[in-house]
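In what comes next, chain A is part of two complexes: it sits with chain B in the first one and with chain C in the second one.
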Partner chain A sequence: MSRKTLTIALMDPPYESENLTTAFRILEVAARRGYHINVFAYEGAAGLAFVRQTQHPNPVHGKDVAEENHPTTKDQVAALLAAAEQSGGKVDWVNCGMCVDERGVNEFVPGTRRGSPADFHAFAEASDNVLVIPTK
Partner chain B sequence: MPKKTLNIVESAYRAVMEEQDDTILWLLAAMQVAGAEHTVVLRGNAVNYAVAGQGVPGLTVGEWKQTQAPKMDRDVLDLVEKRKIPVYVVAEDLADRGIERGELVPGVQLLGRTALPGLFAEYELVAHW
Partner chain C sequence: MAQYLLIESRDPFESNDVGYYYDLAKGLVEGGNQVTLFLVQNGVLPARPSARSAALNALARNGVTVLADDFSLQERGIAKLAEGVAAAPIEVVVEHLAAGHKTLWH
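The block that comes next holds the complex of A and B.
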(Lines of atoms letter the chains of each structure in order from A and count residues from 1; the text may use other names and numbers.)
(Lines give C-alpha, C1' and ligand atoms only; values in the text may rest on other atoms or scores of the structure.)
Protein backbone atom coordinates (compact mmCIF):
# COMPACT_ATOMS: atom_id res chain seq x y z
CA MET A 1 0.00 0.00 0.00
CA SER A 2 1.39 3.39 -0.93
CA ARG A 3 2.06 5.85 1.80
CA LYS A 4 -0.51 8.56 2.36
CA THR A 5 0.48 12.18 1.94
CA LEU A 6 -1.05 14.71 4.29
CA THR A 7 -0.69 18.48 4.11
CA ILE A 8 -1.40 20.73 7.05
CA ALA A 9 -1.44 24.52 6.90
CA LEU A 10 -0.85 26.33 10.19
CA MET A 11 -1.31 30.01 10.96
CA ASP A 12 -1.17 30.50 14.71
CA PRO A 13 2.00 31.80 16.32
CA PRO A 14 3.67 29.72 19.01
CA TYR A 15 2.59 30.27 22.63
CA GLU A 16 -0.69 31.98 21.73
CA SER A 17 -3.36 29.33 21.20
CA GLU A 18 -4.36 25.74 21.74
CA ASN A 19 -4.57 25.11 18.00
CA LEU A 20 -0.94 24.19 17.68
CA THR A 21 -1.13 21.58 20.42
CA THR A 22 -3.96 19.96 18.47
CA ALA A 23 -1.93 20.22 15.28
CA PHE A 24 1.10 18.57 16.85
CA ARG A 25 -1.06 15.75 18.20
CA ILE A 26 -2.33 15.08 14.66
CA LEU A 27 1.13 15.45 13.13
CA GLU A 28 2.61 13.07 15.70
CA VAL A 29 0.15 10.30 14.83
CA ALA A 30 0.73 10.84 11.12
CA ALA A 31 4.49 10.67 11.64
CA ARG A 32 4.24 7.43 13.65
CA ARG A 33 2.16 5.91 10.84
CA GLY A 34 4.87 6.74 8.34
CA TYR A 35 2.83 9.25 6.36
CA HIS A 36 4.48 11.76 4.13
CA ILE A 37 3.70 15.06 5.78
CA ASN A 38 3.78 18.53 4.32
CA VAL A 39 3.46 21.54 6.58
CA PHE A 40 2.97 25.07 5.33
CA ALA A 41 3.77 27.37 8.24
CA TYR A 42 2.09 30.65 7.39
CA GLU A 43 1.96 34.02 9.18
CA GLY A 44 2.51 33.54 12.92
CA ALA A 45 3.20 29.84 12.49
CA ALA A 46 6.36 30.79 10.63
CA GLY A 47 7.88 31.20 14.10
CA LEU A 48 7.31 27.59 15.13
CA ALA A 49 10.64 26.40 13.77
CA PHE A 50 12.61 29.51 14.80
CA VAL A 51 15.76 27.98 16.16
CA ARG A 52 16.63 30.64 18.74
CA GLN A 53 13.72 29.79 21.04
CA THR A 54 15.06 29.04 24.50
CA GLN A 55 13.64 27.54 27.66
CA HIS A 56 13.21 29.77 30.69
CA PRO A 57 12.70 29.35 34.43
CA ASN A 58 9.29 29.96 35.95
CA PRO A 59 9.51 32.03 39.13
CA VAL A 60 5.75 31.85 39.69
CA HIS A 61 5.99 28.07 39.73
CA GLY A 62 9.18 28.29 41.78
CA LYS A 63 11.06 26.22 39.22
CA ASP A 64 14.42 26.69 37.54
CA VAL A 65 15.01 26.06 33.84
CA ALA A 66 15.52 22.32 34.25
CA GLU A 67 12.57 21.83 36.60
CA GLU A 68 10.16 23.85 34.47
CA ASN A 69 11.38 22.09 31.31
CA HIS A 70 9.40 24.58 29.26
CA PRO A 71 8.28 23.33 25.85
CA THR A 72 9.61 25.02 22.76
CA THR A 73 7.96 24.52 19.42
CA LYS A 74 11.34 24.26 17.72
CA ASP A 75 11.99 21.10 19.75
CA GLN A 76 8.58 19.75 18.77
CA VAL A 77 9.30 20.42 15.10
CA ALA A 78 12.68 18.70 15.33
CA ALA A 79 11.12 15.72 17.13
CA LEU A 80 8.43 15.47 14.46
CA LEU A 81 11.03 15.31 11.69
CA ALA A 82 12.94 12.60 13.57
CA ALA A 83 9.81 10.57 14.30
CA ALA A 84 8.73 10.62 10.66
CA GLU A 85 12.15 9.51 9.50
CA GLN A 86 12.15 6.69 12.05
CA SER A 87 8.82 5.45 10.69
CA GLY A 88 9.95 5.59 7.08
CA GLY A 89 7.99 8.74 6.29
CA LYS A 90 9.18 12.25 5.73
CA VAL A 91 8.24 15.80 6.61
CA ASP A 92 8.56 18.72 4.22
CA TRP A 93 8.16 21.70 6.56
CA VAL A 94 7.98 25.00 4.70
CA ASN A 95 8.27 28.32 6.51
CA CYS A 96 6.60 31.12 4.54
CA GLY A 97 9.48 33.32 3.46
CA MET A 98 7.81 36.70 3.67
CA CYS A 99 6.29 35.74 7.02
CA VAL A 100 9.66 34.90 8.54
CA ASP A 101 11.22 38.05 7.11
CA GLU A 102 8.66 40.40 8.64
CA ARG A 103 9.05 38.67 11.98
CA GLY A 104 12.83 38.34 11.90
CA VAL A 105 12.65 34.59 12.48
CA ASN A 106 14.73 33.52 9.49
CA GLU A 107 16.77 30.84 11.25
CA PHE A 108 15.07 27.46 11.09
CA VAL A 109 15.31 24.04 12.65
CA PRO A 110 17.54 21.99 10.32
CA GLY A 111 15.43 19.99 7.92
CA THR A 112 12.82 22.70 7.50
CA ARG A 113 13.04 25.20 4.66
CA ARG A 114 12.00 28.59 3.39
CA GLY A 115 9.18 28.62 0.84
CA SER A 116 6.20 30.44 -0.56
CA PRO A 117 2.46 30.07 -1.25
CA ALA A 118 3.46 28.19 -4.41
CA ASP A 119 4.70 25.39 -2.15
CA PHE A 120 1.33 25.20 -0.43
CA HIS A 121 -0.33 24.98 -3.83
CA ALA A 122 2.00 22.17 -4.86
CA PHE A 123 1.44 20.39 -1.55
CA ALA A 124 -2.34 20.53 -1.96
CA GLU A 125 -2.14 19.21 -5.52
CA ALA A 126 -0.02 16.24 -4.46
CA SER A 127 -1.76 15.28 -1.22
CA ASP A 128 -4.37 12.69 -0.33
CA ASN A 129 -5.85 15.21 2.05
CA VAL A 130 -5.31 18.77 3.24
CA LEU A 131 -6.12 20.17 6.66
CA VAL A 132 -6.15 23.91 7.25
CA ILE A 133 -5.95 25.10 10.84
CA PRO A 134 -6.44 28.85 10.56
CA THR A 135 -6.13 31.62 13.10
CA LYS A 136 -9.51 32.59 14.53
CA MET B 1 -0.96 51.88 48.30
CA PRO B 2 -1.27 50.06 44.96
CA LYS B 3 -4.39 50.53 42.89
CA LYS B 4 -6.88 47.77 43.57
CA THR B 5 -7.53 45.89 40.33
CA LEU B 6 -10.35 43.52 39.51
CA ASN B 7 -9.45 41.04 36.78
CA ILE B 8 -12.25 39.30 34.94
CA VAL B 9 -10.78 36.22 33.29
CA GLU B 10 -12.94 34.80 30.50
CA SER B 11 -10.51 33.41 27.92
CA ALA B 12 -9.81 29.86 28.99
CA TYR B 13 -7.20 27.23 28.17
CA ARG B 14 -5.56 29.45 25.56
CA ALA B 15 -2.01 28.17 25.02
CA VAL B 16 -1.95 26.54 28.46
CA MET B 17 -0.16 23.48 27.07
CA GLU B 18 2.59 25.57 25.50
CA GLU B 19 2.95 27.85 28.51
CA GLN B 20 2.24 25.19 31.15
CA ASP B 21 -0.11 27.63 32.87
CA ASP B 22 -2.68 30.30 32.04
CA THR B 23 -0.91 33.44 30.89
CA ILE B 24 -3.22 35.78 32.80
CA LEU B 25 -3.24 33.94 36.12
CA TRP B 26 0.54 33.75 35.78
CA LEU B 27 0.77 37.48 35.06
CA LEU B 28 -1.33 38.37 38.09
CA ALA B 29 0.78 36.16 40.35
CA ALA B 30 3.96 37.73 39.01
CA MET B 31 2.58 41.27 39.42
CA GLN B 32 1.53 40.52 42.97
CA VAL B 33 5.16 39.77 43.78
CA ALA B 34 5.90 43.27 42.47
CA GLY B 35 3.36 44.78 44.88
CA ALA B 36 0.13 44.77 42.89
CA GLU B 37 -3.22 44.15 44.58
CA HIS B 38 -5.40 41.93 42.45
CA THR B 39 -8.72 40.14 42.64
CA VAL B 40 -9.88 37.56 40.10
CA VAL B 41 -13.32 36.79 38.74
CA LEU B 42 -13.54 33.62 36.65
CA ARG B 43 -16.40 33.80 34.19
CA GLY B 44 -17.52 32.02 31.02
CA ASN B 45 -15.42 29.00 30.13
CA ALA B 46 -12.76 30.08 32.62
CA VAL B 47 -14.94 28.91 35.52
CA ASN B 48 -13.64 25.45 34.67
CA TYR B 49 -10.22 26.48 35.97
CA ALA B 50 -11.60 26.07 39.49
CA VAL B 51 -12.73 22.46 39.03
CA ALA B 52 -10.64 20.22 41.28
CA GLY B 53 -8.78 17.21 40.00
CA GLN B 54 -8.41 18.25 36.39
CA GLY B 55 -5.30 17.55 34.38
CA VAL B 56 -4.01 16.46 31.04
CA PRO B 57 -1.20 14.21 29.87
CA GLY B 58 1.77 16.09 28.52
CA LEU B 59 2.17 16.46 24.79
CA THR B 60 4.35 13.87 23.08
CA VAL B 61 5.99 14.33 19.70
CA GLY B 62 8.19 11.38 18.80
CA GLU B 63 10.93 11.18 21.40
CA TRP B 64 10.08 14.61 22.82
CA LYS B 65 7.82 14.53 25.87
CA GLN B 66 6.30 17.33 27.91
CA THR B 67 7.00 16.70 31.59
CA GLN B 68 5.27 19.64 33.27
CA ALA B 69 1.77 19.75 31.76
CA PRO B 70 -0.50 22.45 33.20
CA LYS B 71 -2.78 21.90 36.19
CA MET B 72 -5.21 24.75 36.31
CA ASP B 73 -6.81 23.81 39.63
CA ARG B 74 -3.35 23.86 41.20
CA ASP B 75 -2.77 27.37 39.84
CA VAL B 76 -6.12 28.62 41.20
CA LEU B 77 -5.29 27.14 44.60
CA ASP B 78 -1.91 28.84 44.45
CA LEU B 79 -3.61 32.21 43.98
CA VAL B 80 -6.04 31.65 46.83
CA GLU B 81 -3.91 29.91 49.42
CA LYS B 82 -0.34 31.03 48.84
CA ARG B 83 -0.82 34.50 47.37
CA LYS B 84 -4.05 35.43 49.17
CA ILE B 85 -5.57 36.72 45.92
CA PRO B 86 -9.38 36.50 46.17
CA VAL B 87 -10.88 34.36 43.39
CA TYR B 88 -14.58 34.61 42.59
CA VAL B 89 -16.48 32.30 40.24
CA VAL B 90 -19.66 33.43 38.50
CA ALA B 91 -22.35 31.07 39.77
CA GLU B 92 -24.57 31.20 36.70
CA ASP B 93 -21.65 30.31 34.45
CA LEU B 94 -20.99 27.26 36.61
CA ALA B 95 -24.65 26.24 36.44
CA ASP B 96 -24.74 26.71 32.66
CA ARG B 97 -21.96 24.13 32.42
CA GLY B 98 -23.42 21.68 34.91
CA ILE B 99 -20.64 22.21 37.44
CA GLU B 100 -21.57 21.87 41.11
CA ARG B 101 -20.06 23.93 43.91
CA GLY B 102 -18.68 20.77 45.47
CA GLU B 103 -16.50 20.15 42.43
CA LEU B 104 -14.44 23.30 42.99
CA VAL B 105 -11.17 23.73 44.79
CA PRO B 106 -11.55 25.13 48.31
CA GLY B 107 -11.32 28.85 48.90
CA VAL B 108 -12.96 30.15 45.73
CA GLN B 109 -16.07 32.27 46.27
CA LEU B 110 -19.28 32.12 44.26
CA LEU B 111 -20.72 35.35 42.93
CA GLY B 112 -24.02 36.00 41.15
CA ARG B 113 -24.06 38.04 37.93
CA THR B 114 -26.22 40.71 39.52
CA ALA B 115 -23.54 41.26 42.17
CA LEU B 116 -20.88 42.12 39.60
CA PRO B 117 -21.65 45.86 39.23
CA GLY B 118 -21.35 46.29 42.97
CA LEU B 119 -18.01 44.53 42.91
CA PHE B 120 -16.78 46.75 40.07
CA ALA B 121 -17.48 49.81 42.21
CA GLU B 122 -15.02 48.60 44.83
CA TYR B 123 -12.04 48.71 42.47
CA GLU B 124 -10.05 51.50 40.85
CA LEU B 125 -9.24 49.41 37.80
CA VAL B 126 -11.22 46.66 36.09
CA ALA B 127 -9.51 44.50 33.44
CA HIS B 128 -11.37 42.06 31.23
CA TRP B 129 -9.08 39.34 29.90
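The block that comes next holds the complex of A and C.
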Protein backbone atom coordinates (compact mmCIF):
# COMPACT_ATOMS: atom_id res chain seq x y z
CA MET A 1 0.00 0.00 0.00
CA SER A 2 1.41 3.38 -0.95
CA ARG A 3 1.92 5.92 1.79
CA LYS A 4 -0.42 8.84 1.28
CA THR A 5 0.56 12.47 1.63
CA LEU A 6 -2.11 14.86 2.87
CA THR A 7 -1.93 18.60 3.34
CA ILE A 8 -4.13 20.53 5.74
CA ALA A 9 -4.23 24.30 6.03
CA LEU A 10 -5.37 25.76 9.35
CA MET A 11 -6.33 29.37 10.02
CA ASP A 12 -8.04 29.48 13.42
CA PRO A 13 -6.11 30.71 16.47
CA PRO A 14 -5.66 28.51 19.56
CA TYR A 15 -8.46 28.18 22.12
CA GLU A 16 -11.20 29.83 20.05
CA SER A 17 -12.73 27.48 17.53
CA GLU A 18 -14.06 23.94 17.49
CA ASN A 19 -12.54 23.74 14.00
CA LEU A 20 -9.20 22.96 15.64
CA THR A 21 -10.62 20.11 17.69
CA THR A 22 -11.91 18.55 14.50
CA ALA A 23 -8.68 19.31 12.65
CA PHE A 24 -6.56 17.58 15.30
CA ARG A 25 -8.93 14.59 15.21
CA ILE A 26 -8.45 14.31 11.45
CA LEU A 27 -4.69 14.77 11.76
CA GLU A 28 -4.47 12.14 14.50
CA VAL A 29 -6.20 9.54 12.30
CA ALA A 30 -3.86 10.32 9.41
CA ALA A 31 -0.85 10.10 11.74
CA ARG A 32 -1.94 6.72 13.11
CA ARG A 33 -2.17 5.46 9.53
CA GLY A 34 1.43 6.43 8.91
CA TYR A 35 0.58 9.03 6.31
CA HIS A 36 2.88 11.89 5.50
CA ILE A 37 1.18 15.02 6.74
CA ASN A 38 1.83 18.60 5.77
CA VAL A 39 0.30 21.34 7.87
CA PHE A 40 0.35 24.98 6.89
CA ALA A 41 -0.51 27.07 9.95
CA TYR A 42 -1.67 30.41 8.64
CA GLU A 43 -2.93 33.61 10.28
CA GLY A 44 -4.14 32.85 13.84
CA ALA A 45 -3.18 29.19 13.52
CA ALA A 46 0.46 30.30 13.48
CA GLY A 47 0.15 30.40 17.29
CA LEU A 48 -0.73 26.72 17.66
CA ALA A 49 2.88 25.62 17.96
CA PHE A 50 4.04 28.58 20.07
CA VAL A 51 6.27 26.89 22.60
CA ARG A 52 5.77 29.31 25.51
CA GLN A 53 2.16 28.33 26.11
CA THR A 54 1.66 27.19 29.69
CA GLN A 55 -1.08 25.39 31.53
CA HIS A 56 -3.05 27.32 34.11
CA PRO A 57 -5.14 26.60 37.21
CA ASN A 58 -8.89 27.09 37.33
CA PRO A 59 -9.65 29.07 40.51
CA VAL A 60 -13.36 29.18 39.68
CA HIS A 61 -13.48 25.39 39.97
CA GLY A 62 -10.88 25.29 42.77
CA LYS A 63 -8.40 23.31 40.67
CA ASP A 64 -4.63 23.78 40.63
CA VAL A 65 -2.55 23.41 37.46
CA ALA A 66 -2.18 19.65 37.77
CA GLU A 67 -5.86 19.07 38.56
CA GLU A 68 -7.05 21.31 35.74
CA ASN A 69 -4.59 19.67 33.31
CA HIS A 70 -5.58 22.21 30.68
CA PRO A 71 -4.54 21.03 27.21
CA THR A 72 -2.30 23.34 25.23
CA THR A 73 -2.13 23.32 21.46
CA LYS A 74 1.67 23.16 21.57
CA ASP A 75 1.33 19.81 23.36
CA GLN A 76 -1.22 18.67 20.77
CA VAL A 77 1.21 19.57 18.00
CA ALA A 78 4.03 17.71 19.75
CA ALA A 79 1.78 14.68 20.28
CA LEU A 80 0.85 14.69 16.60
CA LEU A 81 4.52 14.68 15.59
CA ALA A 82 5.20 11.81 17.99
CA ALA A 83 2.21 9.77 16.77
CA ALA A 84 3.27 10.15 13.15
CA GLU A 85 6.82 9.11 13.92
CA GLN A 86 5.59 6.07 15.84
CA SER A 87 3.53 4.97 12.84
CA GLY A 88 6.35 5.47 10.36
CA GLY A 89 4.94 8.67 8.92
CA LYS A 90 6.09 12.23 9.27
CA VAL A 91 4.69 15.69 9.79
CA ASP A 92 6.03 18.80 8.11
CA TRP A 93 4.41 21.57 10.17
CA VAL A 94 5.02 25.04 8.74
CA ASN A 95 4.21 28.20 10.67
CA CYS A 96 3.61 31.22 8.42
CA GLY A 97 6.57 33.53 9.04
CA MET A 98 4.79 36.85 8.64
CA CYS A 99 1.93 35.58 10.82
CA VAL A 100 4.22 34.57 13.69
CA ASP A 101 6.12 37.84 13.48
CA GLU A 102 2.92 39.85 13.67
CA ARG A 103 1.81 37.90 16.72
CA GLY A 104 5.18 37.57 18.46
CA VAL A 105 4.89 33.78 18.51
CA ASN A 106 8.07 32.87 16.66
CA GLU A 107 9.34 30.22 19.08
CA PHE A 108 8.07 26.88 17.91
CA VAL A 109 7.61 23.34 19.12
CA PRO A 110 10.74 21.41 18.03
CA GLY A 111 10.10 19.66 14.74
CA THR A 112 7.99 22.47 13.32
CA ARG A 113 9.43 25.25 11.20
CA ARG A 114 8.99 28.73 9.83
CA GLY A 115 7.79 29.11 6.25
CA SER A 116 5.58 31.02 3.85
CA PRO A 117 2.59 30.53 1.54
CA ALA A 118 5.09 29.25 -1.01
CA ASP A 119 5.40 26.16 1.21
CA PHE A 120 1.65 25.67 1.03
CA HIS A 121 1.84 25.80 -2.76
CA ALA A 122 4.64 23.22 -2.75
CA PHE A 123 2.66 21.04 -0.33
CA ALA A 124 -0.40 21.17 -2.57
CA GLU A 125 1.67 20.21 -5.61
CA ALA A 126 3.18 17.21 -3.84
CA SER A 127 0.13 15.89 -2.00
CA ASP A 128 -2.52 13.30 -2.76
CA ASN A 129 -5.09 15.71 -1.38
CA VAL A 130 -5.52 19.05 0.35
CA LEU A 131 -8.04 20.23 2.91
CA VAL A 132 -8.34 23.91 3.78
CA ILE A 133 -10.14 24.64 7.04
CA PRO A 134 -10.95 28.35 6.95
CA THR A 135 -12.13 30.58 9.77
CA LYS A 136 -15.86 31.16 10.05
CA MET B 1 -17.87 11.45 -12.68
CA ALA B 2 -16.05 13.00 -9.76
CA GLN B 3 -16.37 12.16 -6.07
CA TYR B 4 -16.89 14.92 -3.57
CA LEU B 5 -16.77 15.19 0.19
CA LEU B 6 -18.53 18.29 1.45
CA ILE B 7 -17.91 18.97 5.14
CA GLU B 8 -20.50 21.16 6.83
CA SER B 9 -19.51 22.55 10.23
CA ARG B 10 -22.13 25.27 10.53
CA ASP B 11 -25.53 25.28 12.16
CA PRO B 12 -28.38 25.98 9.68
CA PHE B 13 -30.34 27.65 12.50
CA GLU B 14 -27.49 30.19 12.73
CA SER B 15 -26.22 30.51 9.16
CA ASN B 16 -28.28 30.75 6.00
CA ASP B 17 -25.17 29.84 4.03
CA VAL B 18 -25.77 26.22 5.00
CA GLY B 19 -28.71 26.06 2.62
CA TYR B 20 -26.46 27.10 -0.25
CA TYR B 21 -24.03 24.35 0.68
CA TYR B 22 -26.85 21.81 0.61
CA ASP B 23 -27.78 23.21 -2.81
CA LEU B 24 -24.21 22.64 -3.95
CA ALA B 25 -24.43 19.01 -2.86
CA LYS B 26 -27.69 18.55 -4.71
CA GLY B 27 -26.36 20.24 -7.85
CA LEU B 28 -23.22 18.10 -7.89
CA VAL B 29 -25.30 14.93 -7.67
CA GLU B 30 -27.60 16.15 -10.41
CA GLY B 31 -24.48 16.73 -12.48
CA GLY B 32 -23.64 13.04 -12.24
CA ASN B 33 -21.14 13.18 -9.37
CA GLN B 34 -20.96 11.13 -6.19
CA VAL B 35 -21.38 13.33 -3.13
CA THR B 36 -21.00 12.70 0.58
CA LEU B 37 -22.13 15.43 2.96
CA PHE B 38 -20.32 15.06 6.29
CA LEU B 39 -21.87 17.03 9.12
CA VAL B 40 -19.55 18.02 11.97
CA GLN B 41 -19.55 20.37 14.99
CA ASN B 42 -22.77 22.44 15.01
CA GLY B 43 -23.41 21.17 11.50
CA VAL B 44 -24.89 18.04 13.11
CA LEU B 45 -27.72 19.96 14.83
CA PRO B 46 -30.23 19.38 11.99
CA ALA B 47 -29.45 15.66 12.20
CA ARG B 48 -31.67 15.69 15.30
CA PRO B 49 -35.27 15.35 14.02
CA SER B 50 -36.32 18.98 13.82
CA ALA B 51 -37.66 21.74 11.59
CA ARG B 52 -34.41 21.72 9.60
CA SER B 53 -34.16 17.96 9.07
CA ALA B 54 -36.31 17.84 5.96
CA ALA B 55 -33.51 19.37 3.88
CA LEU B 56 -31.14 16.56 4.85
CA ASN B 57 -33.78 13.95 4.12
CA ALA B 58 -34.35 15.52 0.70
CA LEU B 59 -30.62 15.40 -0.06
CA ALA B 60 -30.51 11.72 0.89
CA ARG B 61 -33.48 10.98 -1.36
CA ASN B 62 -31.66 12.77 -4.18
CA GLY B 63 -28.64 10.52 -3.82
CA VAL B 64 -26.37 12.42 -1.45
CA THR B 65 -24.81 10.28 1.28
CA VAL B 66 -25.48 12.22 4.47
CA LEU B 67 -23.24 11.38 7.43
CA ALA B 68 -22.98 12.97 10.87
CA ASP B 69 -19.79 12.90 12.95
CA ASP B 70 -20.37 10.55 15.89
CA PHE B 71 -18.21 12.62 18.27
CA SER B 72 -20.15 15.82 17.49
CA LEU B 73 -23.45 13.98 17.94
CA GLN B 74 -22.36 12.59 21.29
CA GLU B 75 -21.18 16.00 22.51
CA ARG B 76 -24.62 17.44 21.74
CA GLY B 77 -26.62 14.55 23.15
CA ILE B 78 -28.09 13.61 19.79
CA ALA B 79 -28.94 9.92 19.77
CA LYS B 80 -31.93 9.72 17.46
CA LEU B 81 -31.14 10.74 13.91
CA ALA B 82 -33.37 12.21 11.23
CA GLU B 83 -34.33 9.97 8.33
CA GLY B 84 -31.60 9.74 5.72
CA VAL B 85 -28.74 10.59 8.12
CA ALA B 86 -26.25 8.05 9.46
CA ALA B 87 -23.62 8.46 12.19
CA ALA B 88 -20.01 8.02 11.09
CA PRO B 89 -16.52 8.34 12.59
CA ILE B 90 -14.03 11.05 11.63
CA GLU B 91 -12.03 8.34 9.84
CA VAL B 92 -14.46 8.83 6.95
CA VAL B 93 -12.88 12.20 6.22
CA VAL B 94 -9.38 10.75 6.08
CA GLU B 95 -10.56 7.92 3.83
CA HIS B 96 -12.06 10.38 1.35
CA LEU B 97 -8.91 12.52 1.44
CA ALA B 98 -6.67 9.50 0.92
CA ALA B 99 -8.81 8.38 -2.00
CA GLY B 100 -8.27 11.75 -3.68
CA HIS B 101 -11.88 12.87 -3.52
CA LYS B 102 -12.50 16.58 -3.90
CA THR B 103 -12.96 17.80 -0.34
CA LEU B 104 -14.42 21.13 0.74
CA TRP B 105 -14.94 22.53 4.24
CA HIS B 106 -17.68 24.99 5.11
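As a convention for this text, the second predicted complex is superposed on the first by the 136 of 136 C-alpha atoms of A that agree within 3 Å, B and C clash if a C-alpha of one lies under 4 Å from a C-alpha of the other, contacts with A are read in each partner's own complex, and residues count from 1 in each chain.
Keep in mind that, in the parts below, a residue touches a chain if its C-beta (ideal position, glycine included) is under 8 Å from a C-beta of that chain, and two chains touch if they have at least 3 such contacts.
All values derive from a computational prediction rather than experimental measurement.
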{"item": "Fit-or-clash call for chain B and chain C when the two complexes are aligned on chain A", "value": "fit"}
{"item": "Chain A-centred angle between chain C and chain B, computed on Cα centres after superposition, in steps of 10 °", "value": "60"}
{"item": "Greater chain A contact set [chain C / chain B]", "value": "B"}
{"item": "Chain B versus chain C as contact partner of A:Glu18, first or second or both or neither", "value": "both"}
{"item": "Contacts of A:Thr112 with chain B and chain C, given as first, second, both or neither", "value": "neither"}
{"item": "Chain B versus chain C as contact partner of A:Asn38, first or second or both or neither", "value": "neither"}
{"item": "First (chain B), second (chain C), both or neither touched by A:Asn95", "value": "neither"}
{"item": "Contacts of A:Pro71 with chain B and chain C, given as first, second, both or neither", "value": "first"}
{"item": "Which of chain B and chain C A:Gln53 touches, first, second, both or neither", "value": "neither"}
{"item": "Touched partner set for A:Lys136, first chain B, second chain C, both or neither", "value": "second"}
{"item": "Per-pair minimum CA distance [chain C against chain B, superposed on A] in Å", "value": "5"}
{"item": "Interface residues of chain A shared between complexes with chain B and chain C", "value": "18, 25"}
{"item": "Chain A partner contacts - residues on chain B that touch it in the complex", "value": "13-21, 26, 29-30, 33, 59-64, 66-68"}
{"item": "Complex interface listing, chain A residues touching chain C", "value": "4, 6, 18-19, 22, 25-26, 29-30, 33, 35, 128-134, 136"}
{"item": "Chain C residues touching chain A - in the complex, by the definition given at the top", "value": "9-10, 40-42, 69, 71-72, 90-91, 93-94, 97-98, 100-101, 103, 105"}
{"item": "Chain A - residues contacting chain B, complex", "value": "14-18, 20-21, 24-25, 27-28, 31-32, 58-61, 63, 67-71, 73, 75-76, 78-80, 82-83, 86"}
